[in-house]
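So that you can tell them apart, the chains are marked A, B, C and D in the order they are listed, and the count of residues begins at 1 in each.
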Amino acid sequence: MANKLKSAAEVVQSIPSGTHIALGGFAIARNLIAVVHELIRQQKGDLTLSQGVVGLETDLLVGAGLVGHLIMGGGSLDRFGPAHCVNRARETKSLRYEDYTSLSICFRYLAGALGLSYMPIKVLFASEILERLEAGPGASDVKRSTCPFTGEEYVLLRALTPDVSFVHVQIADRDGNCQINGARWANEEQAKAARRLIVVTEQIVPTEFIQRSPERTIIPGHRVEAVIHQPYGALPTCVHGCYDYDADHLRLYVEHAKEPERFKKYLENFVFSCRDHWEYLEKLGGLPRIEELRADPISGY
Amino acid sequence: MANKLKSAAEVVQSIPSGTHIALGGFAIARNLIAVVHELIRQQKGDLTLSQGVVGLETDLLVGAGLVGHLIMGGGSLDRFGPAHCVNRARETKSLRYEDYTSLSICFRYLAGALGLSYMPIKVLFASEILERLEAGPGASDVKRSTCPFTGEEYVLLRALTPDVSFVHVQIADRDGNCQINGARWANEEQAKAARRLIVVTEQIVPTEFIQRSPERTIIPGHRVEAVIHQPYGALPTCVHGCYDYDADHLRLYVEHAKEPERFKKYLENFVFSCRDHWEYLEKLGGLPRIEELRADPISGY
Amino acid sequence: MPVTEGTKGRHAQSDIRATEIMAAAGARELHDGEVVVVGLGLPEVASVLAKRTHAPSLATLLETGVMNPRPKDTPVGLPDSRSFYGATCLSGFLDVMGMNLHRGVVDVGFLGALELDRYGNINTTLVKDDSGKVRYVNGSAGGNDVASLAKRVIVIMRHEKRKLPLAVAYLTSPGFVGGRSRQELHLRGGGPSRVITDMAVLGFDAATHAMSVLSLHPGVGLEELKANTGFPLHIPNEIATTPLPTAEELRLLREEIDPTGVHLK
Amino acid sequence: MPVTEGTKGRHAQSDIRATEIMAAAGARELHDGEVVVVGLGLPEVASVLAKRTHAPSLATLLETGVMNPRPKDTPVGLPDSRSFYGATCLSGFLDVMGMNLHRGVVDVGFLGALELDRYGNINTTLVKDDSGKVRYVNGSAGGNDVASLAKRVIVIMRHEKRKLPLAVAYLTSPGFVGGRSRQELHLRGGGPSRVITDMAVLGFDAATHAMSVLSLHPGVGLEELKANTGFPLHIPNEIATTPLPTAEELRLLREEIDPTGVHLK
């Protein structure tokens, strides 16, 4: 049996610049921080990045100048502030950028996951979102059409099939069978739409654990190319049932992200000067801080 | 809070003849036997019946002459034999009948569940299934079309939106939040495509039980119109984790279903002469037989 | 009971805050047995209040894939674990927004707005300053989806002239664009039905689809309302006074639903 | 070891049954790391044999929504709980057949047939007797889906003239209909690649798409094969002899995979 256990560094080495990646986080939850830091350390650039609702992970990548094309449905760092780097990039037009909605991105992934080249949808009509898509390079991904059965008008969305999807999960076995606790947003569709699927897991469990509740398996192992076992891999964002978000660090991040020069310092301090995610966790406060953030088993946070 | 708990008899009283119903069983598993017996006792006729893979429940309804239009993807009683009544009806053309496949029925339900009037699919091409659909009244539900993005040829399937879907589940609370153990075939799509959704459950649990593993909720309560609490409601078919199929009774059924006259006797003995499902269970052998069939907690059968 | 504060101090005649009036007005728009997609903040507070009073079977859905949560701590955002607490179903976009919202079974969508125009068009994407400089804020997320598909939409927001302009700086989520009917716009959902602000409850005129005054909160004058609105309002012959929350509603809001005043400050 | 029985007694020279040769031949068609959609019976036996020998990472999927089951008792059919035992994922049609098969990640579909014609077209719906009278048997279920979409299809069946006719009585699941390419037929999957019977292993000629003899099981003659086939077979210059199962394969089949001989009788 092939060994799927890989480090974030190994996986990122296999990703060429110019890749279309999809990230599985949402605002301040289950962000692929360990992977994104490694993408920044290895300076994988000219990425296409697609995501339903962006958050810290995408803000980091965009701020680091590695994203050439962003396809997203919105996003922020919730009450901690906006996604400053993403917003700045949109304002300065420093990247190609297409705005969608949560459901339309989800349907584009669903089409990809089902092997359909497109899906009809009943949103976007009469909005500036559709207008701008149709007026720009995004026009090749949307088309108005009429249902041949009912005559109803639809927007057809081209399937999104990322080259690589990353999803952060709580539980996986060595074969890559994954369970996700809490809300899953578009993770299942985003994962299954991709050509390559990489999961980062908080915990590796024996397959026997998966077999005890196989109804909970959201991603089956045969679709998974690599499993990165990185506990606390999403910090400072939260992972339901494992740990809370680190509010102090998120505030610190937002303060830095407001200005390009300060953001560079953040990258220097928390990304470039760390060899790996373990070193970064030390900078967050190490084990004592992690114990403060550890979720209680009833509430999950 | 409205009381959703109803008996099978009450629910069936609310179903007019001519209704499009969708049943959630598959061959010899999780069949809606209690509901189907009641439909037969109340002689609800001229039904349209849609189902991915048919089994005993559909064979009973068709044998009783209550189905005017059957939309299905195939089916049998597995090793116990074919679905004799369904097959006889197809041979004698005593009903309008459209043949699909498991996935195409699932996609038709999926379209319905997503509120889409159609879905594209890449099956049925070059088959007699599509040829016959296009040559008959089923032509209004299928259409060949080209993807506007890729130029690829698709079959477009019209959404299936049953008037009433019935699903047999292991666990539900009084609000109708349901968990299904074991494989679910097209149950989720079939349930959510329907205008009215009725569940039959082996067990009623407190909502607190649902809240302990909300990731397992396949059908949320707000979609459910009525909950029929009918333990052993699927016998003689099996319910994973609850009880095994009753092989003796299935053999007895198939022997009767082979011939219309003997089938009438079966209905007389096991349906018409029983006031309700509890009386029917007595005829199957009552509590001693049920204890023989009870699933063991490890294997689930 | 606390002394009134915030929101322009318009309710000095009582100790009831504008946010409390808004929450109660929002709750009254929700009927028992309905399905509502809510955002966090006042929409959530209003739906919990409705559930604890006249609408115990209200189903509350969050776009992330959460149904009927009963948070005991205040979430910082939708994906925060705090918003999952007590949920009866945890799934994802496809379930909540595909198989419920797009399916057409969501009665009410409860939204906020950066800007809202007279036809109920919502901007949640960017703001433009007087010089025309653009500052991006967020985007649609589920907003456009909800506005397009829910049977009716309730917007809850502060009443400020710059937030209620003649034309939104970016049309993220459509109402009755250009005063046209929803059918003409190819939109399935019924569109905006209520706007609940800290000054008034507003609706939309059936003929023109333009925003119309339904009731003014106690102490708010019509001229004050007009002066704080960036577009001409449809003024019907009779304008009601928004009912104040009942004593029981106030008790629930202050003691049980938001005791630390996170949303009702 | 038991005395050979069944299947026309063609292997009297050894104690190996035709079903065992079929299972081993099926297993050899599966490569490690591949994804296979299997039906119950010999396809399942062959895939388990492959998994226990050269293909430990083979992913086995059942259309009902079952992945990698390890049944310890023999299921009577796909929805039988016995087929769920030990599974690593239990989901449904949409996952297995939508997000895997239609997605294009299924390497092999393993099917049975009531009838199979020279172009690999499968009938699982009905049979016609000589008078033309139709008797329905089943339908497609997932058969057409698998035949349309899997990268390659393996059919495993008894070799009888009436089951291998010139034209199938009903074309349920397409192979190379009319000898045409899969692209011409608008089918994504690669189509039938192997037919494993109790007499031979057959393939399809790359140019004509007609069924072609690859290997004869030990003791089976070419004329005997032709006499039991209802259509002209493509006969290449060289025809191999199907390898017998190894001693280890036989041990696994007889002692571990199907010790009571349900499928290998």
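Everything below uses one rule, namely that a residue touches a chain if its C-beta (ideal position, glycine included) is under 8 Å from a C-beta of that chain, and two chains touch if they have at least 3 such contacts.
Computed from a predicted model, the values in this text were never measured in an experiment.
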| item | value |
| --- | --- |
| Chains touching both subunit B and subunit D, listed by label | A |
| Computed distance of Cα centres, subunit B from subunit A, in Å | 38 |
| Where subunit C and subunit D are represented by their mean Cα positions, the distance between them in whole Å | 59 |
| Sites on subunit A at which at least two other chains make contact | 115-116, 121-122, 152, 181-182, 184, 215 |
| Multi-partner residues of subunit D (each touching 2 or more other chains) | 84, 90-91, 94, 98, 102, 149, 188 |
| Topology of the chain contact graph, where touching chains are joined (line, ring, star, complete, other) | other |
| Chains that touch, pairwise | A-B, A-C, A-D, B-C, B-D |
| Subunit D residues within the subunit A interface of the complex | 33, 35, 56-57, 59, 67, 84, 86-91, 94, 98-100, 102-105, 149, 188 |
| Residue ranges of subunit D touching subunit B (in the complex, touch as defined) | 62-66, 72-73, 76-82, 84-85, 90-94, 97-98, 101-102, 124-125, 134-145, 148-149, 170-174, 177, 180, 185-188 |
| Subunit C partner contacts - residues on subunit B that touch it in the complex | 1-2, 113-116, 173, 175, 177, 192, 207, 210-211, 214-215, 217, 220-223 |
| Subunit B - residues contacting subunit D, complex | 26-30, 52-53, 55, 72-76, 78-80, 82, 86-87, 90-91, 99-104, 106-107, 110, 121-129, 131, 152-153, 181-189, 238, 240-241, 244-245, 247, 295, 299-301 |
| Complex contacts: residues of subunit A adjacent to subunit B | 115-122, 140-141, 143, 145, 147-150, 152, 156, 158, 180-182, 184, 215-216 |
